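Labels A, B, C and D are assigned to the chains in the order they are written; within every chain, residues are numbered from 1.
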Amino acid sequence: MERLDQLFVLLKKIILQFAESFLPAPLLPFLSILVSITAIAIFAPLTMMYLTWLERKVIGRMQNRFGPNRVGIYGLLQPIADGIKMLTKEDVIPLGADRVTHFLAPVAVVVPSLLLFSVLPFGRNMTAVNLDIGLLFFIAVSSIGTLAIFMGGWASRNKFSLLGAMRAFAQMISYEVPLVLSVVTVVMIVGSLSTEKIVEAQSGWGGLRWFVFTPWGFVGFMLFFICSVSEVNRTPFDIPEGESEIVAGFHTEYSGMKFALFYMAEFLGAFAYSAMAATLFLGGWQGPLLPSWLWFGLKTFCLVFTMIWLRGTFPRFRVDQLMSYAWKFLFPMGLSNILAAGIWYHTPFPLSFIFATWILLLSFIGLSRLNPTGTRLERRTYRFAE
Amino acid sequence: MFVIWLLVISRTEMDKPETTLDTQMLEVNIGPQHPSTHGVFRMNVTLDGETVVRLKPAMGYLHRNHEKIAEGASYLASMPFTDRLDYICSMTNNLAYAIAVEKLAGIEVPERAQYIRVIMAELTRLVNHTLLVGFLLNDLGAFFTPTLYAFREREKILDLFEATSGARMMCNYMRFGGVKADLHPGFMEKLKEIVENYPRFLDEFEKLLTENEILMSRCQHVGILPKHLAVDASATGPLLRASGVDYDIRKVDGYSIYPRFKFRVPLGSVGDVYDRYYVRILEMRESIKILEQAMKEIPPGEFISKQGATGAKSPRTFRPPKGDAYGRIESPKGELGFYLVSDGTPNPYRYHVRPPSFINLTILEDMCLGCKVADAIIILGSVDIVLGEVDR
Amino acid sequence: MSYGLGILKGMSVTLKQFVESYTKKGSIVTVQYPEERREDVERFRNFPILVYDEKPEAPRCVACDICAKECPPKCITIVRDRDEQGRGLQKPKVFDIDLSVCMSCGICEEVCPFDAIFMDHQFELSAYDRMESLNYHQEKLLKPNSYLHQIRPTDATQIDAKLKAKEEAKKKTQPGTTA
Amino acid sequence: MELFFYLLATLTLLGALGAVLLKNLVHCALSLILFFAGIAGFYILLQAEFIAAVQILIYVGAVATLVLFAIMLTQNVIGETTLKGLGQNRWWALGISLVVITVLVRAIQHQTLPSFLPEGRVTTNEIGHTLVTTYVLPFEVISILLTGAMIGAIVVAMETKKNKQQATGDRRRT
């Protein structure tokens, strides 16, 4: 069991031993970093390709149809076919666009989403770069993505993409605040920013120590998940590329490989955010029987499945509703969540749960009652004329 | 202390804003080629930030000169062209044209043909409303799921049309004085099956949509059409009834055998996008009631009158008397009327179509002023226009 | 206070569809076209065909030109066959239907007094150019009566019965006059 | 190790120069971001990851976004924004920059750097403790300043929103 759990770590050791024979000593640390980088560089695009396949299959099944099943059995080669198609597609640069930013934007979008992977704890001591400020790095890098999307939208000089860029800007900034607040509670309780320590703090009792089972943990998890769905621009928050309103938003003028990069950034972001949500609240790679990296995969898969499930069910928010939802509901909920976590931390066991849930429930009902948009939704009765 | 000082300053400072921060107006063409304009329809929208300040619709991209062609052809020859008017509900277009010509030429329609026509018209209403709700959700951003549920139900009804009239969408099934062919043998069983599990589908649809908070917050109090404006602009159909005006031509005119059926007409209260969506769902439930009654009472007998059959056999000899007639029905989109002027020759002297979508579209700007770009798209979707009918 | 319930109900519907697509048999409604095909519907109508009884040279069509006049988009062109003295024969020399114009409305089938033209069920007719290869001439349009029985059994039997009845009526009057 | 330092230094300098000299305003903003990233790189070289991450988060995430928003709101949205070059106040700029450079150089030479740098890596919770124990007063004053600024921004935004309502109101009637 132990060998299966540490499979990839042993693999890396074997490669290093093999390389030791002919490489000079000082180069070895570089080699070990190189190995983990190549591991991520192979793993990330692969997950991206098969996430697109999974999304089309799952949404297909939800709509009483099969989803891709022509290319390869069960459509497994479909992502490869998409990749080739994207490569061969003509890469159109609009006349008015300023070429430098137009070219740079897709690169600047993919780089942060790949950087996110370096901090994720894939399994027991399988984090690529074990920073002791892992979480802060994760949030800092994800804010760069916003800028790149703006660059893309602004550079392609077309009214729709500009609208998309402005919307992306506003949305991502206003959803980063509740995201950070929900993460603050976990950091407060664990006392450290490194993802390794956060996962260790949730071990024990066969999974009951996961943060999601504490009241503040559950609210934090919901906040984190909702904000990550909006950070990654997926339904119901996909107004930057609202197909039905502004054609394709910020990536209207992108085709061929550049569009594929935007597409890849979206899916890498979705995977990275779900993985981080699993690490923070669902106990990362903690789990009774299966090897640690499998537990991590399972939890992330469930969260990614929910993201796809959301995409198959919901219409889109309007821009101002989105903003008011973030600032009037998620932001105050984040604050009350910190308060609840603080109280939970200092009061003894039975009382802590009661106080924390009481505060959170109070704020939830108060906020949704207070919120003007909330009150207007009423169920209507219709009169009939004979 | 610091904050109060700031507030005091702001009160005095802000009274005379010399440099108002005025944003630049953005002129956007939500153009003929756009994912959610239900066909080739252009809206020239002036935006201030996100809110719509001015909206000028531009139509005519799908003009096929239908009315002039009809003047050159015989009466029966333009029957297949009426399928192409509102290409989602071709049976009701045929019915409206057939009723107009029957009024012009004074042709009697046998009982069985009347029942067949009512069954076909109500099935088309189900198809149209289901599709509309699906496409409205598409404009709202739901990734095709409601639309594909709607298509799944629509396929069952289109299979019925194909088995009876020969084609799924371009049915060309009605003739002056009845219908082209009798119901095919397996029709009644399939119809019973559809009518039985359609309410179940509607419940599932409502469970997915009506209580959905995002849909409610996106559609309620958006694109409100006040009652007086709807009446002044002669809007008809679900758009009018959603604003609370009780005007359904099946009740007002009582054409063909609709007075025999017991059904109710749902009316909205506020007249916003949510009301239009829900009024259509209730109308579908009423259509199912009509279908149930029609299925029980359909008599045997001939499906086309003697005079109608000879007319269909040799259209050139079909010469309606001199004069004019205006026949109208309650098509799923509103009042669809045909105005025919005959000068005794086999070709109509004047052939005019009163399309409900075109007339409902004239008040698009009044509904869209002051709302966001995203709202303008769903208001257009809720008006339910089909460009074939708008541009003719 | 149904602030979150409506959304959950909506999600339960799509999840049910997702699960049912694996369990319930009729849930997946799509037909995998080239491999599976839908069974044919008798009254389905696509492009017209001419019917002949025994020999392709003697189609039922007598070139009376009614269908050409009545066709709404005017896509049928008929030229009557002439014998050596120039007298018209009851047979079309040229019978073209431009399939790119025809909208398969079925009016020609209705108005034809001699039941010579019917709507076919064949819809896989793609061609490489729009002009010449879609303008079907007489040879391409002619189909035997047996083919008609195969695609439209009930209509074909009725028409055969009607034709046979007309045959006896003609024979009864003919021998009367000659005898 | 010096190789990285020189590489990073040139990158940062390029970013700074680009921010000043480029024609298109948005290009200046983007090269400014490059400059901020270069500064973050320096912090990493000094093994102060926490400050580097905070630098990226604050400067690249927020300040650059603010700059781009400001550009968007003031300039005409789509048009090419070409600056008129350095213009006639070129000499004033040269003079002032010379004065600033001399002051800086003298300050660095005379004043020896405070050598209370603790040896070894500074961990984040140490920073946290000092921030809340010894430097608690500046920490609180800054937070009051920030809330004041936020309230000021809201007041300004509210004012323009009110007279904008009248503006769209009368536009609708005409």
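Rule of thumb we're sticking to: contacts are C-beta pairs under 8 Å (C-beta built on N, C-alpha and C of every residue); 3 or more make two chains touch, one makes a residue touch a chain.
Note that the structure is predicted; figures quoted are calculated from it, not measured.
With every chain reduced to the mean of its CA atoms, the largest distance from chain C is reached by D. More contacting C-beta pairs link the chains of A-D than the other of the two pairs A-C and A-D. Centroids of chain B and chain D (each the mean of its C-alpha atoms) stand 57 Å apart. Averaged Cα coordinates give chain A a centre that lies 28 Å from the centre of chain D. For this pair, chain C with chain D, the centres built from the Cα atoms lie 75 Å apart. Residue positions of chain D with contacts to 2 or more other chains are 77. Annotation for chain B: residues touching 2 or more other chains are 26, 145, 152, 208, 211-214, 216.
Within chain C, contacts with two or more other chains are made by residues 3, 7, 10, 13-14, 29. For chain A in complex with chain B, the touching residues are 59, 62-65, 159-160, 163, 235-236, 238-239, 242-247, 311-321, 373, 376-380, 382-386. The touching residues of chain B, counted against chain C in their complex, run 73-74, 76-81, 145, 152, 155, 159, 162-167, 170, 172, 180-181, 184, 204, 207-214, 216, 312-316. Interface residues of chain B, counted against chain A in their complex, comprise 26, 28, 34-36, 50, 137-145, 148-149, 152, 208, 211-218, 220-221, 246, 248, 251, 264-270, 274-275, 278-279, 282, 372-375, 377.
Across the interface of their complex, chain A is touched by residues 1, 3, 7, 10-11, 13-15, 17-18, 21-22, 27-30, 32 of chain C. Within the complex formed with chain D, the chain A residues making contact are 98, 100-101, 104, 131-133, 136-137, 139-141, 143-144, 146-147, 150-151, 154, 157, 159, 162, 166, 169, 173, 176, 191-193.
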